[in-house]
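The following blocks contain the structures, represented as structure tokens.
Two complexes follow with chain A in common, the first pairing it with chain B and the second with chain C.
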Partner chain A sequence: MLRLLSSGLRLVGHRSINAVWRLGSASRFMGLVMLRSGLSFRRFHLIIDELHFAGVLSLIIIMVSGLFVGLVLGLQGYETLKRYGSAEAVGTLVALALVRELGPVVAALLFASRAGSAMTAELGIMKSTEQLSAMEMMAVDPFARVISPMFWGGFLSMPLLAAIFSVMGIFGGYLITVVIIGVDSGAFWSQMQSSVDLRNDIVNGVIKSVVFGAAVTAIALFEGYDAPPTAEGVSHAVTRTVVTSALAVLALDFVLTAFMFTGV
Partner chain B sequence: MQRTTLDLWVGIFVAAGVTALFVLALKVGNASSVSVSDGYRVIAEFDNIGGLKVRAPVKSAGVVVGRVEGISLDTRTFRANVGLRIDKRYPFPRDSSASILTAGLLGEQYVGMDGGGDEQNLKDGDRLKITQSAIVLEKVIGQFLYGKAAETGPGK
Partner chain C sequence: MAVPRGNVIAIMGGSGTGKTTLLRLIGGQLKPDRGEVRVEGNPNHGISHAQLYAMRRKMGMLFQFGALFTDLSVFENVAFPLREHTDLPESMIRDLVLMKLHAVGLRGAHALKPAELSGGMARRVALARAIALDPMLIMYDEPFTGLDPISVGIIGNLIRRLNDALGATSIVVTHDVQESLKIADYVYFLSGGRVVAEGTPRQVTESTEPFVRQFVHGEADGPVPFHYGAPAYSEDLGIGR
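== the complex of A and B ==
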């Protein structure tokens, strides 16, 4: 009985020490990335490469998903609002839902699975094939040459992707409600404009997407850097990246929403 | 991929993202309409503000002329002090009146301003003397029932 208790406690202690240890190495890792980012900003073409990889290549999935999310929101919102005789408010519904929540969150989830997983796999394989060590041997700092450009590429492209997602979604909502169903176009835009606020809604949405971009990219890079140098280790790291960043995005979204949109 | 084509694609991506941000700010939001940061602030006292909220519009003849900036309770008179920030393009006479109105049957509440006839205009920090409180539905119904009861009561 006593032995069972002590082994249980030992398990808890082991887990917590591991968690704290990982947190510490993650912070040291991010500190190094920040410290070396000056060098990578001086060689800006490295960041442009990563912007192409994380941003441009994610454009298609972001735009198509945004369009379809907008179409569905428009259709569902119209069906419900029609009952209360205020079908024109569908513009407000689509715009507020996208700008405040769905744009940043869904774009971040797509970004994590499209770009974050690829970053983890790339870093993990670079580590397991000892390319990172080879760089160090040649006196090339892998943080300045590889990791920190990846971080800034992801960090800079995420807000732009979220904005494109929201605009595509609003366009989708416009398409389904105004062009196909026949809601009045003027009422659609004017109700939207009178209720969406620049400071409260749009700026807060952009802040959210910046935070999510930093979180997803940091998680992806750390998982890749920390992956055990085996095929299995890399595959587990990629899985962990997607799961952890999805949970982190949703949890951060709740915290940010609680700060931004409560009270007056 | 060639360096130049890669640069071109990244350029297109960044331009599209920045355009999207501007579209959000100008077309979806209302950055292009009145933002009353530089206006004068007047205080209106109400017996009851109903469901009025901070940032509700101040309208005169249906035109948005300002925003509600702050709501507080005066604990000496137990009346509500509502701070109104009014665009400086719209000067109002000093005896203007403010009332709390409702847009539509279930819509949001806003402050309606009616111009008076005074020679002097309102200045920063002035108080509006003539106000009309929000209509609270329960009170109206209560008064109506009370009146009915008085009409058909045992006195007659």
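== the complex of A and C ==
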């Protein structure tokens, strides 16, 4: 019994020390990313390349997913609102749900699975094949040349992707409710226009997507950089990126929503 | 350990004896717990990031498997340090890259991607990249590992020729006794993180020192034991209790 207790305590202690150690490494890592950002911004084409990689190449999955989420929201919203005789308010429901919540959150989850996992794998493989060491030995700082541009590419592309997701979702909602079901087009758009507020809804949604972009990109890059230089190490790092990013996005979403929409 | 200018120095020893660590210490990627490493008479630790990087610009390093950037072509890999550290016009960069590739016999492969190269070719491209800025010190980490005998001969010959042509100094970490004795001016043997023997290739070949004999002649048992440390055999088998 005593042995079981001591081994349990040892395990908890070991995991706690490990967690603190990783937190310290991650903080140092992000410190270096920020410190070298100036050099990256001076060579903005590196950030443009990463914007293309993280943003443009994620467009298809974001647009298609946004469209389907909008189609489903439109259908569900119409069926529910019809019972109360306010089917015209479906435009408001679709827009608010997308701009405030689903746009930033679902886009961030998709971004983590598509671009985040790719960033982790790229960095992990660069490390395991000594490409980062080779860069260091050529007197080229990998933080300035590779990691910082990756961070800013991901950071900047996330709000744009979330906006595109919401636009495609609203288009999907319009398609299903107005074009197919026959809800009045004028009512759909005017109700949306009168109830969606720029400051409270759109800006808050953009703030969420910026925070999610920073969190997902930072997690993806740190996991790649910290991955053991083996095939198994890189594969575990990719899994950790997707899982940790998803949990971080959902937790951050709760905190941000609590502050933004309930006046905490 | 001293590495005189213009020489090719071979560093040999079993796996895990600290050969690659030594190269990383010289390159400033690791800091020594004790003692110091000096490059051109200047210590390479306890200096600023900018000073360390300025020192590294005078060094070239060939990694064990080349460490080529897989998303760049052969040409772009060799051009990488030139683009990063110089403001040369594109036409001059092109000429320099082709000259470096010609020196390693791969001018015709400039448009290929690293995935299209054999192990030996990748090593030669990495060598062209390592000498792109005409370094004063070139370090080679296991340059012969996994290569066929022809490629081993080519790489060995290139190490010697490039060192002499550039007036550089080379440090070659290797297990390949025969090839390194052909090209090196001086040889160090490491074991357990210490220099256990040293000498010119001739002295090494004729040495009666047990460790050197075992290493040079590839003997299975000797100062480096065949068996990994373990309790008595009889004890493990439960005999004679």
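Everything below uses one rule, namely that the second predicted complex is superposed on the first by the 262 of 264 C-alpha atoms of A that agree within 3 Å, B and C clash if a C-alpha of one lies under 4 Å from a C-alpha of the other, contacts with A are read in each partner's own complex, and residues count from 1 in each chain.
Operating definition for what follows: contacts are C-beta pairs under 8 Å (C-beta built on N, C-alpha and C of every residue); 3 or more make two chains touch, one makes a residue touch a chain.
These numbers were taken from a predicted model, which means no experiment stands behind them.
Taken together in the superposed arrangement on chain A, chain B and chain C fit without clashing. Contact with chain C, but none with chain B, is seen for A:Thr129 once the two complexes are overlaid on the shared chain.
Looking at the shared chain after the overlay, A:Ser157 reaches chain B, while chain C stays out of its contact range. Of the two partner chains placed by the overlay, only chain B lies in contact with A:Leu51; chain C stays clear of it. When the two complexes are overlaid on their common chain A, residue A:Gln76 makes contact with neither chain B nor chain C.
By the touch criterion defined above, A:Ala139 reaches chain C but does not reach chain B. A count of residues in chain A touched by chain B and by chain C gives the higher number to B. Taking the two complexes aligned on chain A, the least Cα distance separating chain B from chain C is 11 Å. When the two complexes are superposed on chain A, none of the residues of chain A touches both chain B and chain C. Residue ranges on chain C touching chain A, taken from their complex, read 27, 29, 49, 53-54, 56-57, 59-61, 63-65, 67-70, 80-81, 84-85, 126, 129. Interface of chain A with chain B (complex): residues 45, 48-49, 51-52, 55-56, 59, 95, 99, 157, 159-161, 163-164, 166-167, 170, 189, 192-194, 196-198, 201-202, 205-206, 264.
Residues of chain A that touch chain C in their complex: 125, 129-131, 133-134, 136-141, 145. Across the complex, chain A is touched by residues 1, 3, 6-7, 9-10, 12-14, 16-18, 20-21, 23-25, 27-31, 33, 35, 53-55 of chain B.
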